[in-house]
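Input: a single structure, listed below in structure tokens.
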Amino acid sequence: MNVLSERNEMNQSSSISAPDENPMVRFSGVTKRYGNLTVLDNLDLDVSANEMVSIIGPSGSGKTTVLRMLMTLETIDQGIIYVDGNPLTHMERNGEMVFANERYLRTQRNNIGMVFQQFNLFPHMTALENCIEAPINVLGLKRDEAEQRAIDLLRMVGMLGKKDEHPTRLSGGQQQRVAIARALAMRPKVMLLDEVTSALDPEVIGEVLNVIRALNSEHNLTMLMVTHQMGFAREISDRVCFFYKGKIAEQGTPDQIFNDPQNDRTKQFLSAVLDAN
Amino acid sequence: MEWRWDFAIEILPQMLGAMLNTLLAAGIGYGIALIVGLLLLLGQRTKYALLNMAVREVVEFVRSTPLIVQLFFVYFVAPQFGVVLSAWTSAMLTIGIHYGTYLSEVYRGGLEAVPRGQWEACRALNFSPARTYFRVVIPQALPASLPGMGNYLVGIFKDTPMLSTIGVVELMHTANALGAETYRYLEPYTMVGFMFLLISLPTAAGLRKFERYVGRALGVTK
Amino acid sequence: MSYIDFLFEFSPKLLTGAYITALQMLCASALAILVSLTFGLLRLSKNRLATGFATVYIEFFRGTSLLVQLYWIYYVLPLMGLTLDAFEAGFIAIGLNFGAYGAEIVRGSIQAVPKGQWEAATALNMSPSLRMRRIIIPQTFSILLPPASNLLVELLKATSLVALITVVDLMFVAKQINATTWLSAQTFGTALVIYYVMARFALTPFLRWLEILAARKVGKV
């Protein structure tokens, strides 16, 4: 059963070698600054449809900012981001590209879903209510339809039995699984996973990773994942990008990055992280 | 009724003179309240549980009842027992006690803001109680208490018009008298309002600055 | 005259005054809540004019004294053609004044809702108004109620000032009785106890109950 959008039988592994003519996500010369600090420096990054890209790197390297800009939680200073061929950060006005206003953003945001490090479930709503709120009020679904969709998704993440619980009664791992279902209920084309296991106790990380595994193998979603779980990134990704000081210092297949890194920074980072484990 | 500038200017000196009394009343009342607050705080932290509870109840009672009723109580009840208190004395006493209960809560909040670990560290270093309080606890409790202390200074100032009701000759009393004398209330009352605004706004802003200064001077805040 | 006799003779009158005090409290609270929400939300608006207007309102009503506002509304407004009876002038002055303090509580509690909640709502593509209505406001109640409770106790106490513009509330009745009997300790003492009972045993338990209800709503209890 596919509870997500229609299946697309495209081969995923081809996306690294040959440049994609129609990427699902395209960052083109994107720069982000906070005051004098340049968080992202002229970033170019294409992500193909159905590709799973992991973003790794030391803290402060701009990893999370990439996701937050794509979710339109941050504005960008230069460059442009496209999603599914349409400009996301900009819109056309009188033949010129200008920064997108809120109304335009609202036409584009449905393409993108995000799961946060701190879950950010709505505490005053049950698990089910969390999953139907936006489908009903944003997508305009009928209540029955939204509930059916939410129930299918909660079953998929193994949380159907807790659908009437408030988030405070759920463990971190359970909350994060509900958060994944909530994001999927909007049927996004692109899913953003922002350090989704970083706030979890070690013993519940596995249940969340299992859900992501299932999502990746059974459904067609373009995914960008910022993570500190190197083993998981290696196992699941089609491509790994190593960020350093606001730039992609190195990228390639998991095999290339983890077994044969070329960049000194990548080597240092990986040896430091793997030592710590 | 038209606003008359000539009348406003005519009564201005008298109003400004009365403003001095208002400021005096707020200042003295605040001074008493600061001390009463400290006593009420200590009264809740004694070895005697019963005394602590009684003081706590008194604080609750005073905080839950209106200042103006307390003002009348103090002013009119004393003579019943043969003690005649002047309007000023009654006013200062009432404000001191009323706001003292609020300030005792502010002090208490400040003490509670000092982490437990600080007390434990002092005990571990075998500091005397005096050293513990003056060198460790109070420097951390004070910045936490200052915003509340500042708010109640401004609060007392804004409550002083009530004192006119028992005959303290402050700003409101003067405005009432001028109104009764000339049958013009527009100018006196409006001027009272603006005079309060002109003092309370800069005072509040100054207090915020002072809080930051003290926090920085004690090295507790950035 | 023993205190028992005093109570027999004057308690009906004092209780009638207490009833007016309670009515003043209810009307003033309703107005204050309305004003708090309006100006609290205006303070957070992106429109400079709206925030400016709200700031001026809040600073003006907090910066001048309630008693001055009360006199002004009751004695000066009629000179400009707007005459209110004492009861109306009383609760309107108190409502406008406490609404200014309440607006700051509303603003603070909205800003205290964690940033992640705003972001999650945006990530689900909610419009700003839907986000405010369905996600943010429902979470402010548990943050807002403790300070709002303190403010409402202050409001109850502040209603005693309406006696000064001839509203026949508890304070007014007490002054009347005192003027005829000179039993000041009995009169004002009883009035103080009635205020205390209203604040401590009626208003406060009700507000605690609301706080628990709000905490339960966000799953905190």
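All chains are identified by letter, namely A, B and C, in their written order; residue positions are counted from 1 within each chain.
Definition applied: a residue touches a chain if its C-beta (ideal position, glycine included) is under 8 Å from a C-beta of that chain, and two chains touch if they have at least 3 such contacts.
Because the structure is predicted, anything quoted here is derived from the model rather than measured.
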How are the chains arranged in terms of who touches whom: line, ring, star, complete or other?
line
Top-ranked pair of chains - ranking by C-beta pairs in contact:
B-C
Per-chain Cα centroid nearest the overall protein Cα centroid belongs to chain C
So, in whole Å, the Cα centroid of chain B is separated from that of chain C by 21
I'd like the Å distance between the centres of chain A and chain B, where a centre is the mean of that chain's Cα atoms.
55
Rounded to a whole Å, what is the gap between the Cα centroids of chain A and chain C?
47
Counting only contacts in the complex, chain C reaches chain A at residues 114, 116-117, 119-128, 130, 134-135, 138-139, 217-220
Okay, in this complex, where on chain B does chain C touch?
1, 60-61, 64-70, 72-73, 76-77, 79-80, 158-162, 165, 172, 179, 185-186, 189-190, 192-194, 196-197, 200-201, 204
Under the stated contact criterion, what part of chain A meets chain C in this complex?
71-73, 102, 106, 109-110, 112-114, 116, 118, 120-124, 133-134, 137-138, 166-169, 182-183, 186
Quick check: in the complex, which residue numbers of chain C touch chain B?
59-60, 62-69, 71-72, 75-76, 79-80, 153, 157-161, 163-164, 171, 174-175, 178, 182-185, 188-189, 191-192, 195-196, 199-200
